[in-house]
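Labels run A, B, C and D following the written order; every chain starts at residue 1.
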Amino acid sequence: MRTWLVAEFAGEPELLAAARALRARGHADLDLHSGVPLHGAEEALGLRRSIVPRLALAGGLSGAVAGYLLQWWTVGVDFPINLGNRPPHSPPAFVPITFELGVLVAAGTIFLGLFALWGLPRLHHPVFEVEAFRSATIDGLWLSAGVEAEEADGVAAELERLGARRIERVPEEGEP
Amino acid sequence: MPPLGLPIYGQPPLAAGDRRAPDAWRSLAERAGQADPAGRPPDGDAPAPASFGRRSFLQVLSASAALAGLAACKPPRERVVSYVRRPPEVTPSLPSYYATALPAGGYGVGVVVESHEGRPTKVEGNPAHPSSLGGAGLPELASPLELYDPARIAGFRRGGRPLAWSALLDELSEVAARLAQDGGARLRVLAEPTSSPAVAALRADLRARFPGSRLVAWAPVSEDAAREGTRLAFGRPLDVEHRLATADVVLSLDADFLATEGDHLRLAREFAARRVDAAAMNRLYAAEATYTVTGGAADHRLRLRASEILGFGRAVAAALASAHGLAALAPLGAAAGGAQARLAAAVAADLARARGRGLVLAGQRQPAAAHALAAAMNDALGNAGATVLYREPVLLDRSSGPEGLAALAAEIRAGGVDTLVITAWNPVYTAPAELELGALLRRVPNVVYLAAREDETTAVAGAVVAAAHPLESWGDLRARDGTASVVQPLIAPLVASATELDLLAAFLDRGQVGAWALVREGWRRRTGDEGFDRRWDRWLADGVVAGTAAPPVAPPLDGAAIAAALAAAPPPVAGVEAIFAPDDKVLDGRLGENAWLQELPHPVSKLTWDNAALLSPATAARLGLETGALATLRLHGREVLAPVLVQPGHADEAVTLPLGYGRRVAGAVATGAGFDAYALRRGAAPWIDGGLEIAPTGARRALAQTQGHFTMDGRALALALPVAALPGALAELEERRGPLPSILPEVDYSGEPYRWGMAIDLSRCIGCGACALACQAENNIPVVGRSEVLNSREMHWLRVDRYYEGPAEEPASVSQPLACVHCESAPCEYVCPVNATVHSDEGLNEMVYNRCVGTRYCSNNCPYKVRRFNYLDYHTVHAPQLAMLQNPDVTVRARGVMEKCSYCVQRIERARIGARVAGGTIGGDQVVSACQQACPAEAIVFGNLADPASRVARLAGGERRYDLLHELGTRPRTGYLARLRNPNPDLA
Amino acid sequence: MSAAPGTPAVDPLEPTPFLVGRPGDRALTEELVATVLGPTRRGWLLLVAALGAGMAFWLVALGATLFVGIGTWGNNIPVAWGFGITTFVWWIGIGHAGTLISAILLLFQQRWRTSINRFAEAMTLFAVAMAGMYPILHLGRPWLFWWLMPYPSTTRLWPNFKSALPWDVFAISTYATVSFLFWFLGLIPDLATLRDAATTPRRRRIYGLLAFGWRGSARHWRHYRIGYLLLAGLATPLVVSVHTIVSFDFAISLLPGWHTTIFPPYFVAGAIFSGFAMVVTLIVPARRLLGLERVITIRHLDNMNKVILATGLMVSYGYVMEHFMAWYGGDPAEAFAFVNRWTGPYRHLWYLQLFCNVVTPQILWFPRMRRNLVVMFVVSLLVNLGMWLERFMIVVVSLSRDFLPSSWAMFRPTWVDWGLLFGSMATFGVLFLLFLRFLPVIPIAEVKELRREFDHEDRLVAGGPGHRPEGAP
Amino acid sequence: MSALFSRKADGRLKLALGLAGAAVALALGGAMFYWRSPFGTGQFHPVVQPIQFDHRHHVRDDQIDCRYCHASVERAPSAGIPATEVCLSCHSQIWNKSPLLDRVRASWFEGRPIRWLRIHRLPDFVYFNHAIHVNKGVGCVECHGRVDRMAAVEQVQPLNMGWCLDCHRNPAPRLRPIEEITSTTWRPPADRAAFGAELMKRYSVHARVSCTTCHR
């Protein structure tokens, strides 16, 4: 059984230092919570580059390709019609929709990809059990760590040492 | 605010009880229906609701399907109604064609009528008829709508009581018996002039039974002056036949012989045939006050007040006499001064050069002396017998002017009339204003009036007899050359009604005999029993009775009488001249209830749904008037309020007052249209009157003109050039046709057996508008009403543009029929988002109504602006009876879809299927479009461009051909042939 | 900004800051959520009621259009497109400013976008919603609009991809979708803030649902930032493409006055012009109404006015070039189309348009005028009017006088036309008021971030207020 | 206590989102399916006519050719619904007392037409011409199915535009010799495509797909 430790810090340097320290001790399941993105958080948590750009590129390309193929096949192959002497397969005329579909699919991929990467929607999360955690989106700086229950005490002490103003424990399952 | 109540056409749908077509018709037309949208005859038991047709149901269905997915319910299954006994001549879904004749000024015009399962839908000219030669005029083309008009009077009534026909016959028989006691001394018949032999026979019988009775002929627009002119010239009234085929020089003295007067269909054809060959052009001088179709076709239009035209004619005669040795004309001539003298000299020289090949015509408005002068000039020039023929009059009535009516009025006032039988159209409205006939008729105990619609006369007539439409009547009529035609019905009367023959026969106690028997027995009597049935069938099939033309006569001319008449002829009127003119569309007003004609743009002014007082720009400026201003017109103490239309080229200090509008008692169509010029018309001066006073009121009435700009603004649109300039212009014309370089690969039509195309010869076109009306009838084009026309939403697929050239006071004009030109590189097609307008393998620009969602992008991108849009539901607001009028081969368009000329693709497909079933191919000239078929001038030629022998291919390859807006690279399939003018070099 | 130590971190040429004071996160949050969580104001209710009446008029006009037909509009032949397409282009153009502010200025790292981007994006969304209605409404058979979509049909037919209208379908729907995603993505942290700042359970739950469980996680922020930036990067060419494609509706035709290659850039410039004007029109009263003077400062408005001036000059250049090309191209029909603007029956509208779009913005050369609320409000209204007139001139006046003089005709709008025009404005207003009331108008997280950046700059400057924000513990 | 949403909320939210997406997909897909299904096309629905006319009996048992009653099929757009007199050309002699034929006799003697129910209904904007199809070797069975097996006639083909286009784009496999045009039992030779190609040449078949072929 795992336990979540949710700790509030007074300042960004303390928070980031605490994250670095815990990670150095081998705690991987760490997260920081703040109302704004924190400079240095990625480094502190040891996060690699986001794959969102690559998702977007793939989405955009596939959307554009699909868009072009759609136009080419429908009006160029499946039912070609003489429209004012224009060739059924008219590449210049197919550019706008190709572009738009590329953008649409890319944007959709980014949006849905973000939710997938975030693991959202997740309305219920152990950190929300902590009433004070509501400050995380306002002005609070929080660190959450998922640890094995038996480690919890040690980590809590460590956090306290690292300057946490407040530490709450939330068991992974069930209400506290 | 636009009228939401769909102001179309104005005729309210009939009540549910009226929806059933009459039984008599149903038995003819019951049939196994194929899927035709509008042509379905009303079903017997369970008619579809009129306001919620299947089409709108499908709309809603589609909408609800889109909204609610699967929650669609099915329309009820359609019924298929089979015949009980199929008439052997009817094959359901195939049209039949019948020849008959329609009355025009008492004469007959031969027509061929297309009929679908017993419903006449389309009238075409009869090529075998001497007055039609295959062309058709506006009244003929519009006649099917008259037939189905829901506002027609049904049945018979006397003193407000409806009567059955037999009961009416009984009552009339009683009246007749009473009248016969004193030899009919108190019986009068007020009839229109007619040529019908059957009517002649009945009139003779009536005279025999009622020797004391009198028949008064009355026609508000008559050719009395022409007959009086020939009486002056030759001692007896004669009919004049003009022949333009051999006429090189034509001088028209106020004669609109191409559109509204005389044998205009034949004359237009003969005239046009002489306008295409640069080496054999005729030359037309038209002296006129009003800008007419004829004036627009003229090489020299001489703008004169109507009362001064006779003087101009005399000036020409004087010049002929003095300069060209025609001494016989010397006593008739009277030299003019100034510019007229120069003109007269030039015209005279031209006429003198073309002796025996010239022609002088006088118009119906001109006094008898002018007609006599024309006869004398033609005689002196040797034209008589060549370009002008004389015949004994074909009409039974030599005179039908206001004098007879005035005498009748006097008799009524004296209490001498007990029974007045009126078969003339609406005399209360058309009679000279001073007679006040409406009030007088109330004093006649028995007025029996044969009428098709409620009008000013039905309001005062004691007995009203519903008149049958010519398409549902038996009868006979003679053409202007005397050739007889049998009038045969296409359909049993839609309403209980009678013909003039039935009504006259009723006074002979023969009302039950029926018109068929009367006509047929008359012809049997005249031609003998021997082989009569075969002859009769032949006449019905041909539409003419062969060999009945009247022989020409060549009487001697009485110059002294002419000189005397000229001396007595009225001088030019003082003050502002009032010119009365029959309207090009509604004639004397009898066609005013015809919505097709009301909506057809006037050939010259492009005015719809109204008439207007026409005056010249200078006169308008002097009076402070402009188009659309309302003015009070006062003439000899009577006044009317009329909108003014400034007509370029109109004579100064003269106002043309078109007759036939401003009805006081009328149906929904004519009510509210225009002003009543009859209210100013005096019996003493029915055509040209002086002393008109015009007072601006400051108020306005918007005039629904379909064209607002009559100049080409320097653009090369409708090309017209003098014959002499043609060789120099060939290079430019060459540049204005054929493909332009394009980066697009060309679609290859060379392998196609058919490349449909059209050629429109502007040199032939006189701009009469028959093509537009024929198109409307053929293609189920709706009438949209005045307010929609005012908002530029008229639906005509084919319009005739008229452009003026030259100074606004004396412009020349050129008219240009314009429908979809079927561009090979069509701008409309590539912008349609749903492929609703596409190109066929044979080069047609196809408009697929059922695919159209109505973005109207195609119309925006059409440089010719020939596309029409159903902004509102223009069809289902009509009475269900009008559905019978629809051509079942053409889809009736719903609200929200675009439509346009299809090159009459239904006719192409019919020809194709016919040819392919027979194992053949379509001939290059076989498919005839509706506009082409109607055109009296043969200006429009449709056909297969891939067939080099076809007429259209030869015209398209001609040197005068050019493409409209060629520089846009649209490569239209419709080519235009530049108009040639043949001005007199002496007048340059 | 390389300020030497000892000098204040304020540009002497830019005396007004983008953020007045250095409020702490909590104070900032409280100030910014007050518009949502605070009590409903009477003024707001009155405005909603007034605009709701206009919306009712709109619904009546909508009903007339759908049930009686497009014939209730003033359109005719030749003027087959009238108020509908004019207003469509106008709304789409207005929408563009929102995307421009939020996406392009983000890419260019313009800080002043931060306070107004949410506002502008909402304007984009509602403007696109209004615009998107017209192409469907103006169809003769609007219930068949789906025929413009490619789907396998039993008729085997497909849309015609050579027509600009299916391009529009894709462009507008993509634009609407991407704008919404972009806007919503930006909203997620603020919705979470609202969830956590709200006091009543119902509000907490509603905003909680909409926040989808955002918990300000650094792991999420990492993807969020790049995703947001990428969407901005996509939205930038998209916004240019959308008005380009809208201009293609006209440019691919051969109608004089439409048939010109200058349209794409000219339309985009015009779109930004009118869009910024609309932002000013909305923001001047809104910042007063909602008390946002501290975060939307005169400096923001000043910058927007500069953009209005610049794009106004571009639009003016477009007018000049149109005329030049009409003359230089030598096509008489094209030349006439422009002569007709000056001398034709609609010339008064043309003069008014020139006054609004060319003359009026020149007043913004003067800094005092750029910073005067009344002046800028009036200018923005005039520019909105002028840009509507510009589209009217392009759409209607070009159609009313084309190749054949015989078919020329005038356009007269009906009450339904006016109803749909003003009704759409009222509906837009209602939507906007709802947005002002129920969603954070100012991007809370982004303003906090901006404040941190200012802090950082301040820290670099000796004598600055220090890195501790005011009110922070 | 303090958590805003319970653990179940996530499941519910995901379910709701999934259902909404599925509903949209189902509505679109369902509409498309419905339009192609017999419910949408009206296929396979035997129609009970006002008179119990049994095609099985007349066609199969009595061997009456289609054209005896549908007489204009070879020369007119409409195949023709027989007039009452056609029925009575036989039934004045046989079954002339049958109560089944009461309505036919009533029609004849009262001059009231029989109001049949339409089974094969094309929209008003579609101009189908029987004559050209029959003359180019498209047999009755191709569109109307085995009428000789139908007690009450039903529509067996979808009669939608795609179906028309199938044949117009590739008519060969649907052609038969004209002598067999009304046959319900004719069997094509093994290589129907080749046979059809030969027939196309023999009858000079040019099945067009331009819009105005059917829409005017």
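As a working rule, a residue touches a chain if its C-beta (ideal position, glycine included) is under 8 Å from a C-beta of that chain, and two chains touch if they have at least 3 such contacts.
The shown structure was predicted, so the numbers you read here are calculated from the model rather than taken from an experiment.
Chemist: Could you tell me which pair, A-B or A-C, is linked by more C-beta pairs in contact?
Modeler: Spelling it out, more C-beta pairs touch across A-C than across the other pair.
Chemist: Go ahead and note the Å separation of the Cα centroids belonging to chain A and chain C.
Modeler: Distance between chain centres, rounded to whole Å: 29 Å.
Chemist: Based only on mean CA positions, could you tell me how far chain A sits from chain B in angstrom?
Modeler: Centre-to-centre distance between chain A and chain B: 79 Å.
Chemist: Could you put a whole-Å number on the gap between the CA centroids of chain B and chain C?
Modeler: Each chain's C-alpha centroid was found; their separation is 58 Å.
Chemist: Do you know which chain C residues sit against two or more other chains?
Modeler: Counting only residues that touch two or more other chains, chain C contributes 155-160, 162, 164, 166, 195, 208-209, 212-213.
Chemist: Out of chain B, which residues touch more than one other chain, so two or more?
Modeler: 827, 830, 832, 835, 838, 840-841, 851
Chemist: Residues of chain D touching 2+ other chains?
Modeler: 4-5, 10, 13
Chemist: What kind of graph do the touching chains make: line, ring, star, complete, other?
Modeler: complete
Chemist: With touch defined as at the start, can you tell me which chain C residues reach chain B in the complex?
Modeler: 64, 68-81, 138-148, 155, 157-160, 162-166, 169, 249, 252-255, 258, 332-333, 336, 399, 402-410, 412, 414-416
Chemist: Which positions of chain A touch chain D when the two form their complex?
Modeler: On the chain A side, the touching residues are 121-124, 128-131, 175.
Chemist: What does chain B use to touch chain A in their complex?
Modeler: Touch list, chain B to chain A: 742, 744-747, 823-830, 832, 835, 838-841, 971.
Chemist: Where on chain D does chain B make contact in their complex?
Modeler: Residues in contact with chain B: 27, 30-31, 34, 42, 47, 72, 74-78, 80-85, 107-108, 111-118, 121-129, 131-132, 135-136, 204, 208, 210-213, 215-216.
Chemist: What residues of chain C sit close enough to touch chain A in their complex?
Modeler: Touch list, chain C to chain A: 24-26, 29, 150, 156-162, 164, 166-167, 170-171, 173-174, 177-178, 181-182, 185, 189, 192-193, 195-197, 208-209, 212-227, 230-231, 234-235, 237-238, 241, 245, 248, 444-445, 448-449, 452, 472-473.
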